[in-house]
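Structure below; questions to follow.
Chain lettering (A, B, C and D) follows the sequence in which the chains are written, and residue indices restart at 1 in each chain.
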Amino acid sequence: MIVIMKPKSPMEEIINLKQKIEGENNISVNVIQGKEYCLLGLIGDATEVDADKIRANEFVENVKKVQQPYKLSNRLFHPDNTVVKIKNESIGGDELAVIAGPCSVESEEQIVSIAKDVKKSGAKFLRGGAFKPRTSPYSFQGLRDKGLELLKIAKEETGLPIVTEIMSIDMIDKFVEDVDVIQVGARNMQNFELLKQLGKIKKPILLKRGISATIEELLMSAEYIMAGGNENVILCERGIRTFETYTRNTLDLSAIPAIKKLSHLPVIVDPSHAAGIWWMVEPLAKAAVAVGADGLMIEVHNDPANAKCDGQQSIKPKVFQELMEDINRMISVKMNREYEVINV
Amino acid sequence: MIVIMKPKSPMEEIINLKQKIEGENNISVNVIQGKEYCLLGLIGDATEVDADKIRANEFVENVKKVQQPYKLSNRLFHPDNTVVKIKNESIGGDELAVIAGPCSVESEEQIVSIAKDVKKSGAKFLRGGAFKPRTSPYSFQGLRDKGLELLKIAKEETGLPIVTEIMSIDMIDKFVEDVDVIQVGARNMQNFELLKQLGKIKKPILLKRGISATIEELLMSAEYIMAGGNENVILCERGIRTFETYTRNTLDLSAIPAIKKLSHLPVIVDPSHAAGIWWMVEPLAKAAVAVGADGLMIEVHNDPANAKCDGQQSIKPKVFQELMEDINRMISVKMNREYEVINV
Amino acid sequence: MIVIMKPKSPMEEIINLKQKIEGENNISVNVIQGKEYCLLGLIGDATEVDADKIRANEFVENVKKVQQPYKLSNRLFHPDNTVVKIKNESIGGDELAVIAGPCSVESEEQIVSIAKDVKKSGAKFLRGGAFKPRTSPYSFQGLRDKGLELLKIAKEETGLPIVTEIMSIDMIDKFVEDVDVIQVGARNMQNFELLKQLGKIKKPILLKRGISATIEELLMSAEYIMAGGNENVILCERGIRTFETYTRNTLDLSAIPAIKKLSHLPVIVDPSHAAGIWWMVEPLAKAAVAVGADGLMIEVHNDPANAKCDGQQSIKPKVFQELMEDINRMISVKMNREYEVINV
Amino acid sequence: MIVIMKPKSPMEEIINLKQKIEGENNISVNVIQGKEYCLLGLIGDATEVDADKIRANEFVENVKKVQQPYKLSNRLFHPDNTVVKIKNESIGGDELAVIAGPCSVESEEQIVSIAKDVKKSGAKFLRGGAFKPRTSPYSFQGLRDKGLELLKIAKEETGLPIVTEIMSIDMIDKFVEDVDVIQVGARNMQNFELLKQLGKIKKPILLKRGISATIEELLMSAEYIMAGGNENVILCERGIRTFETYTRNTLDLSAIPAIKKLSHLPVIVDPSHAAGIWWMVEPLAKAAVAVGADGLMIEVHNDPANAKCDGQQSIKPKVFQELMEDINRMISVKMNREYEVINV
């Protein structure tokens, strides 16, 4: 961490601040006198030094971080990729992990039929919302507990592990019992009370990036879960909010190599929610594979025009099958480099 | 709602869609044939028609909303300003409501001392965080239950009603008992499970705009609370996330006249969190008053350099006093127009 | 175009507006009376109707466009892909067009050496800046006329057509003579005086998307050039400005299928400027190919650490060669669908 | 400037880089060895050191600037406010400078009538576009040379100095002769060739912030003009592009105190273009005065519903008069602090 003092700050105040920082932390402070600005360089583990607190000093112009503020999710301290095991499958290893299914569970027939279809095409996990976060209180809110029951039936029929979204702390016990991967949606990425409780269990957590979260904030939210003791965290890029309105959000594929470099956690891509348009799912899914994602999360519905939510971004089983064939061709090609961004 | 069909859509499909929409909703549909595009105009209350579901039809190019999707918070159906009563004070009436206090409660001495100072300068409410949402799990998380106790002591000493942030459903009972205004922070603006529960109580709710929430989304979140039966909702603009990094967020003061026009709910401004820089609080607070806000929420600390959080954006009691004097001068001046945007 | 009248607008005013619109344009106007709102539906070619002018009517609540405001660049009126011919090469046809070279031309030895390297690896065009738009007046501004001369030498040595950026109208004559593709940089995407003049020549124009331009605005800028008579326009996505700061800009790959659907013009991707980080160029270039781009524009430098500009985002010739090998493997794989988004 | 080396960089490479930086610049470099990272602190005037060039070194993780990259516009080296003199008026001094007039000049009658009206209400400058940058080539492009002539007539009739927008280098001679303040529009803020030429004249330049320009980039563009020798630069905040679509752009009033602190140049606010909605102009103009702007630029039209452009954001002369009365009342009130942000 580097502290930039205001021009013409009295040396006495600079020394006071140096001593205060050293006194409150296990840190030593170098004073560097530049032409206009005097700087303090903090030597040691500055992860837990509160930059805003230093900024509150009236002689401080600005504070710049040198080290990332996350530790457990940081590749610097954990060079090898984390592979999250779920039943007989895994996310983060050599194989691309594909999660597919409808936006929301609507009926036994619907979820079982889609589960069978996506399994046949090569999906390894079944997604389906039981509890749905909707912008409007007047929209369909999901089948809730009933939806979880239907997911379990689909799992029995197909063997596919279940991925579904949790919305509050009081659901945790039930999810631990019924669900294979607990999804934290974009809107709850900074629901810190929920994250803390999810840190106390062992279930894999699929943590989606908030629509206006920086990559650093996403990793800090993963850190909340890991700091509690749960290291089974899978990250998911699903589009960020920008000024462009043609797509619902803007898929940030640069985030994939960035996260690969900064963290050892697996990261997947959800092109369906990012675009919000079904015919964009195919090209964006292929781009996600090409950019180095560990997996995909794709909305598939057997009757999009009558889906209870997000039909406009769901692809039909046949389109999903063709997409999987194309992706398999893509990954069959040997590449010179498999994105060794870790070492650059 | 207007549905734009794809160019060259078969008339049969257009009629099918018309009948489907009419069958599922209490709506009649006009077909308008343009030069390139055919349009469907939905006549009736389209608030509960799901635009995305229509978008999922393969012959639909796009759907445009005509009517706002919120009803209870909509000024169209409730022309008069809502005034929220809290003890002997109110927010949304003729007087500017000023909420002041530290970012977080740190000790009895601290909170009581600041409460007395801000009351003397004219604040009508005391703010102070007991439960703190922090980006890092390694940062100070608030005194939690202890913090609530200290707030109650400060209230006893000064008579100021308390405004403090709730972070999860299981805290509601305690907050109903101890707190006068329950704040929902920006990160929880779309924590819909929480909003639903807050709809079931009668306490005033201070709902902060999420850093990437549109004005419409903010009003939809208010709608969640109101649809549950709690109409005591106060909105708060506190800065949005943009590309500019000089300030922590960008205070969107245009949102104030916009919300005044769209909704009857009171709306206040928090310049402290928006800017994240203490010396900007003064000019931004005055601008908020000039633009027509119903109140202000300002961080005041007696020792910012040693505050446990957000010291860099807190002003000292003396600065707050001068600010209040200036604001009182401003509002003493009679204006030609008091922003009758409602009727434009 | 749909005009939404304010609730309770007098019918007389609605009729006045209808007649005014019909009188000023070759348009007929349907009046649709909804429950709360009255709408006007404009039938005919509304491309040249000025929405803002209608918005200025005091009884108008809002105006929604139905039809895209561009015509010459619109796929609706020109279903087949445009293929831009440049010497013996083309952009927009079946083959991926790769443009490569240094950010700026620095010396004869540098530009000739890089040109030979990228040609050997399969690039079809040489890029290199002679006139450089730099944020700071104190940064290297390019070799200017001397740079153009060196580009011509590199072209003579390798046969590669030259792509380079123009910065003002007075350079057009020289560029027409010396250059094969005239690039309009992101900062000049809405330099309308320049666009108008470029519409009067026949040289292919590579039009880069402004960092905060919507897809529609990009197509409107293409329309300026085409309206002047020059239909040889190639679009380029090069990253947009968002809140994320890890990358210089956020590459918006969704823009590629979006543009393919909306327009017949070819569109390429510049991953170097988008990311601003050399080790991201490889994965993003592959993603651009997977998403369906017609070409790539890549910064290659033989000595990035001593480059006069943008060394941090330039890859070395050896890395470029490996990237080209990987891309060739990718495009050798036959896909089920070649993104027929045009017809969806 | 601080250079952060990659963890485990060889000491030899660190020393090489130190020597290279010292060799190429008049700078001395301190090496600071932290726990994980080694830092280089650059001592001296680093304004002209190219951070991107250092970033291109393969052992460099990141580079952080300490000092602002602008000099001539920097308050650090020029503590007193710049006051730009225009005829008998000035911008940047004790009085609020109000510029008013129509978006575009349409006829002699129109511009003279509006000029008289706004003068009577207290405007000190007349605005009016002769050359109009329009998103669509099919929109009204301004009366061009004819418009300049009409502006001169209005000036003769009222004595009000003229502010109007320039769009390319070849117009400079004419503007120097006919115009009192030359406006550079948001779209041309980084048209560096134009800025360089405007640096060679003495006319005051009104430089509008680009819709996606940071405050630092705005000041760098001012620096281009000042580096050429023209120090008569007035800055203008006119809204930035964000995700919020209710307003055309988001007025960033925090930019005013920020610019006041960073620079000695005067800064005014254009609420009309920011909001794009006429009934927001009043509250936003008052907020701009309250936040400390040196002036306002306001669109006034005698017949907005028939204006050739931007009628929807123009206020009528009567509304302007009431606004001016209100503003005069506001500034008649004595404040405790006149935003001495300069010294904080």
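Simple rule for what comes next: contacts are C-beta pairs under 8 Å (C-beta built on N, C-alpha and C of every residue); 3 or more make two chains touch, one makes a residue touch a chain.
Everything numeric here is computed off the predicted structure, so don't read it as measured data.
Q: Under the document's definition of touching, what chains do chain B and chain C have as common neighbours?
A: Touching chain B as well as chain C, we find A, D.
Q: Using C-alpha centres only, name the chain that sits farthest from chain A.
A: D
Q: Counting in whole Å, what is the centre-to-centre distance of chain C and chain D, each centre being its mean C-alpha position?
A: 27
Q: Report the inter-chain centroid distance for chain A and chain D in whole angstrom, where each centroid is the mean of the CA atoms.
A: Using C-alpha averages as centres, the distance is 39 Å.
Q: With chain centres defined as C-alpha means, what is the inter-centre distance between chain B and chain D in Å?
A: Centre separation, chain B to chain D: 31 Å.
Q: Of all residues in chain A, which are in touch with two or more distinct other chains?
A: In chain A, 58, 212, 241-243, 245, 344 touch at least two other chains.
Q: Where on chain C is chain D touching in the complex?
A: Contacts found on chain C: 47-48, 50, 52-53, 55-58, 69-70, 133-140, 167-170, 187-188, 190-194, 196, 210-212, 217, 220, 223-224, 227, 241, 278, 304-312, 314.
Q: Which bits of chain D are touching chain A when the two form their complex?
A: Within the complex, chain D contacts chain A at residues 2, 4, 7, 30, 32-37, 39, 41-45, 58, 64, 66-67, 76, 241-243, 245, 344.
Q: Could you pull out which chain C residues touch chain A in their complex?
A: Contact set of chain C toward chain A: 212, 214-216, 240, 242-247, 250-258, 261, 274-275, 279-280, 282-284, 286-292, 322-323, 325-326, 329-330, 332-337, 339, 341, 344.
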